[in-house]
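Structures are listed in the sections that come next.
Same chain, two partners: chain A is paired with chain B first, then with chain C.
Let's turn to the complex of A and B:
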């Protein structure tokens, strides 16, 4: 019974991871920047909703503020700081260090501003629904629906629109895309905004589930997001969703069978095994494109 | 994975050099007396910093307000372990190499005790540790002192409380981090010793987005109560999901749980009314009412702008009282020995706390200092009660069972005595 229930729990966890992983992988696939500050964007998004709650703004406004704040932050970082370093010839590794530094600044800045406190995140959870062996709250169900909607929207955007085609072309061959007249700067802007918005949503989903918020929420969540993005092949939203599903279900199944302490071990064990057997998972998208596009 | 080992060895080597270069236990005889608080100010155990503040600033206020030690003001030197034993070693080594006025150490805690205690002992620095590990029950370290119960004692007291409440079966829910795991062996041993069924054991990797599978397994085991210690966010996620998926049962926290960084997330997760109804903690320190408690609370209020809010969480806080008593004891020992040199005043720690014929009982630093100046021998009885150190420098008193109303001081609802714990095998 618990093994079956764990599948349901895994889907909810997967939905949280998937939203973050899709945002991360779309941006990574296009810009080639392994953006560690994505964690900070998740935290900023979550805090935006938290602050809205503190000042008693309507719930809908608070929820919208998460993607908006994180999108604005990511866009500003991408178009200014990261672009500055890219123009000065920063390589892939240097850019990782820049994003890591930005993340630390964001995390400890928020930590100081929030007086190093852990706050309760009083988001309405809704009633508990019992569907067969599964028990979920209305809010958890909504998170799954949001994840599915994000996935559907991204797939539509990438495969059915001119913007999506341009984006995919840039991801594969940025120089050729520029030569063909694709407005690369505009595409990159869209991707930073999109990635940031999804980071904000993911951060919000995490704190809704965890019921608390502090400056480290993004950093705590980033390893799972990164694992799903890497496992699913950089740049692939479908891969990210499948990887998130695998991570979510496996970690919950292991928690159900072997104990919660082993769930994270199992999740990252999968990542290690996949990278051993398919080392191109991370490099797949970037092998032919060592260029940073910001 | 060899890098950390090399790093530790390299750090140890550097510390060795620093130790050779430094002047051992001797301290400067002028200027402020340095008291080091070593603890986690950053990293995953950073929540401990607010506990440290609730000890340091009231004690510092009490000592300096009474004129300081031997007429010298006391200054606080904070050493950040960054929640990591190797980082702790490096940070402490640097402090020892660069400060000449260090007279005593408050700490280390469980995270860094293994690396720091030998170092500090070799520097002849008396330390009032906050580590409950059994390794220090019969410690060979001459400069190590502990006025908090060892971890097994807290676990055994929890088991005794569970037995008193008539719980037939319990489950344990503990974080897998070092700080949270310390009490678990004592809890498990205690539960078995008192004849309660251990229905389920859940160990939680901190800060995961969900623990639903663990919650379901716990619910299937149907425990009458849960014994727990973890960080606040982990607890909030777990108990929030427990409330969603089933029903709450009484929760008994260890001495590591009472703080606002734990209470706030928990209240948010299960609701304030549920928290008040179900949550109790067995905390270190003897619930006493004496002038030392009054002095401690007055000191807390005097420095409240330096403590995390609400300040009520620190008034009558047993853990804070024990730490405060530790620092007052060290200060009185220095006064009694007329020296801030650890090699000189270390033996006086026992002298100013042990009962004895003709000794003047004092409850505050000011009173103790005055009595010593008048030529009396003293017994300091602190806000946590008498400090009766064993030959292994362990003082081990009763433990309080407390409930925690919102925005109000903790309320003692029961006491587990040292004799009860010892009868269980503690």
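Let's turn to the complex of A and C:
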């Protein structure tokens, strides 16, 4: 029974990881910037809603503030700082160092501003529902619905619209895309905003589930998001969702059977096994020709 | 004051060990080891559990595995071995030929997950409370010394270890092995073409670096007498990166200068400042400044204050080439 219940929790965890991983991978696939400061953006999104709640703004406004704040932050960072280092010829690894430094600044800046405290995050959970063998709250169900909606929306955007077509063209061959008249600068802007908004949503979802908030929530959530994005292959939303499902269900199953302590270790186990058994999936990908486009 | 200076000296030597380990792995081997601090932690935990004595079982105030009472230098050897073994295990999957940004991200994930696991699995090394009461080495033999005197003896001991490790890394760096490692870093395909084994060389560098990092953890934990997950947050790794990037990646002395500036002067000096705000505010702001310092280094002096020396092969003396060619007269019919 516990094991079946854990599948339900697994799907909820997977929904959270999927929202984060989709936002990460869309941006990574296009710009090749492995953006560690995504963790900081998740924290900023979560804190935006938390602060809105502290000053008693309506719930809807608070929820909308999370993606908006994170999107604005990510866009500004992408367009100023990351673009600056890319212009100076930073390679793939140098960009990781830059985004990591930014994450350090964001995390400890928020840490200083929040007086290094852990706060209770009282988000209304709604009534408990019984769906088959699973018991979930309205809010948890809403998280899953949001994840599905984000996935559907992204799939539609990428495969059915002109913008999506341009985006995919640019991910494959940025210079050729620009030569063909695709407004690459505008598309990069769209992608930074989109990635940031999803980071904010993922961060908010994480603290809704965790019930507490502090400056390190983004960094605590980052390993799973990053693992899902890497396992799902850079740029692939479908891959990210599948990897998130696998990670979510496995980590919750392990938590149900062996105790919560081992759940993240299990998530990492999956990543290690894939690295060992299918290194080709990650190895070549675009090694050599991948270049930073911001 | 004397107490403060001897403490700083021990920190400095430990941080220099860590910086040389990273310089070997990242500076010469090109491995973006974002999990560096985890190897120091492995050494620290290993040294702690083998000197704490047997775990007294349920009800004890701290729980851990492998509790034993090994005599003085042995815990340090165990620490070094723990760092090396962990490096071997992590290296098996993290050193595969993958994009360097992926590699960095994977090592960062390893570090974050390791700290989460160690904090939550209480039976391993006492979870998030950590271990305390690690005995000071040779405190029986040196019992005649004052507390202050012992500090200085320990600082000298740490300095001796640092000297030994310096001789090792300097020797490695100048050797054929070191040149091969840098060749792999600069152009893996070309290095493989001339018969070098990139994966093997990287693994060797990673393990030697792991051993040095583990040793530094052992030296540190025997001095501090305590160790907990708070001591090895991922940010600590980046203090070391900042130090070697500021000082000069690939240059052992540049790395020492960077460590002195970042780890000792920058991160320790604020303890002299009067307390401002709440407890911990200065710590948090220090990390913000480390991040800014790092961005500035990358923008202004990416090669560091004392850059890596360009290694040039000595041109062979005149005539040597001709003699060598004559001696190795090719078999007839061999394609030239």
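Simple rule for what comes next: the second predicted complex is superposed on the first by the 284 of 294 C-alpha atoms of A that agree within 3 Å, B and C clash if a C-alpha of one lies under 4 Å from a C-alpha of the other, contacts with A are read in each partner's own complex, and residues count from 1 in each chain.
Following the convention adopted for this analysis, contacts are C-beta pairs under 8 Å (C-beta built on N, C-alpha and C of every residue); 3 or more make two chains touch, one makes a residue touch a chain.
It should be emphasised that the depicted structure is a prediction, and the values quoted were computed from it without experimental measurement.
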| item | value |
| --- | --- |
| Three-chain arrangement built on chain A, chain B and chain C clash or fit | clash |
| First (chain B), second (chain C), both or neither touched by A:5 | first |
| Which of chain B and chain C A:128 touches, first, second, both or neither | first |
| Chain B versus chain C as contact partner of A:13, first or second or both or neither | first |
| Chain A: partner with more touched residues, chain B or chain C | C |
| Chain B versus chain C as contact partner of A:212, first or second or both or neither | first |
| First, second, both or neither for A:253, with chain B first and chain C second | first |
| Partner chain in contact with A:115 - chain B first, chain C second, else both or neither | both |
| Chain B versus chain C as contact partner of A:227, first or second or both or neither | second |
| Which superposed partner A:80 touches (first chain B, second chain C, both, neither) | neither |
| Touching partner for A:98 - first (chain B), second (chain C), both, neither | second |
| Clashing chain B stretch [against chain C; choices 8-16, 224-232 or 314-322] | 8-16 |
| Chain B/chain C common contact set on chain A | 115-116, 220, 260-261, 264 |
| Chain A contact footprint on chain B (complex, rising order) | 46-47, 49-50, 176, 202-205, 207-214, 216-217, 220, 232-233, 236-237, 240, 244-245, 260-261, 264-265, 267-269, 308 |
| Residue numbers on chain C that touch chain A, as the complex places them | 32, 34, 92-94, 96-102, 104-106, 108-110, 112-113, 116-117, 120-122, 234-235, 238, 241, 278, 280-281, 284-288, 290-292, 294-295, 298-299, 302 |
| Residues of chain A that touch chain B when the two form their complex | 2, 5-6, 9, 12-13, 16-17, 115-122, 125, 128, 135, 137, 206, 209-212, 214, 216, 220-221, 224, 251-253, 255-256, 259-261, 263-264 |
| For the chain A and chain C complex, residues of the former touching the latter | 32, 34, 36, 81, 84-85, 88, 90, 92-98, 100-105, 107-109, 111-112, 115-116, 219-220, 222-223, 226-227, 230, 260-262, 264-265, 267-268, 271-272, 275-276, 279, 282-283, 285-287, 290 |
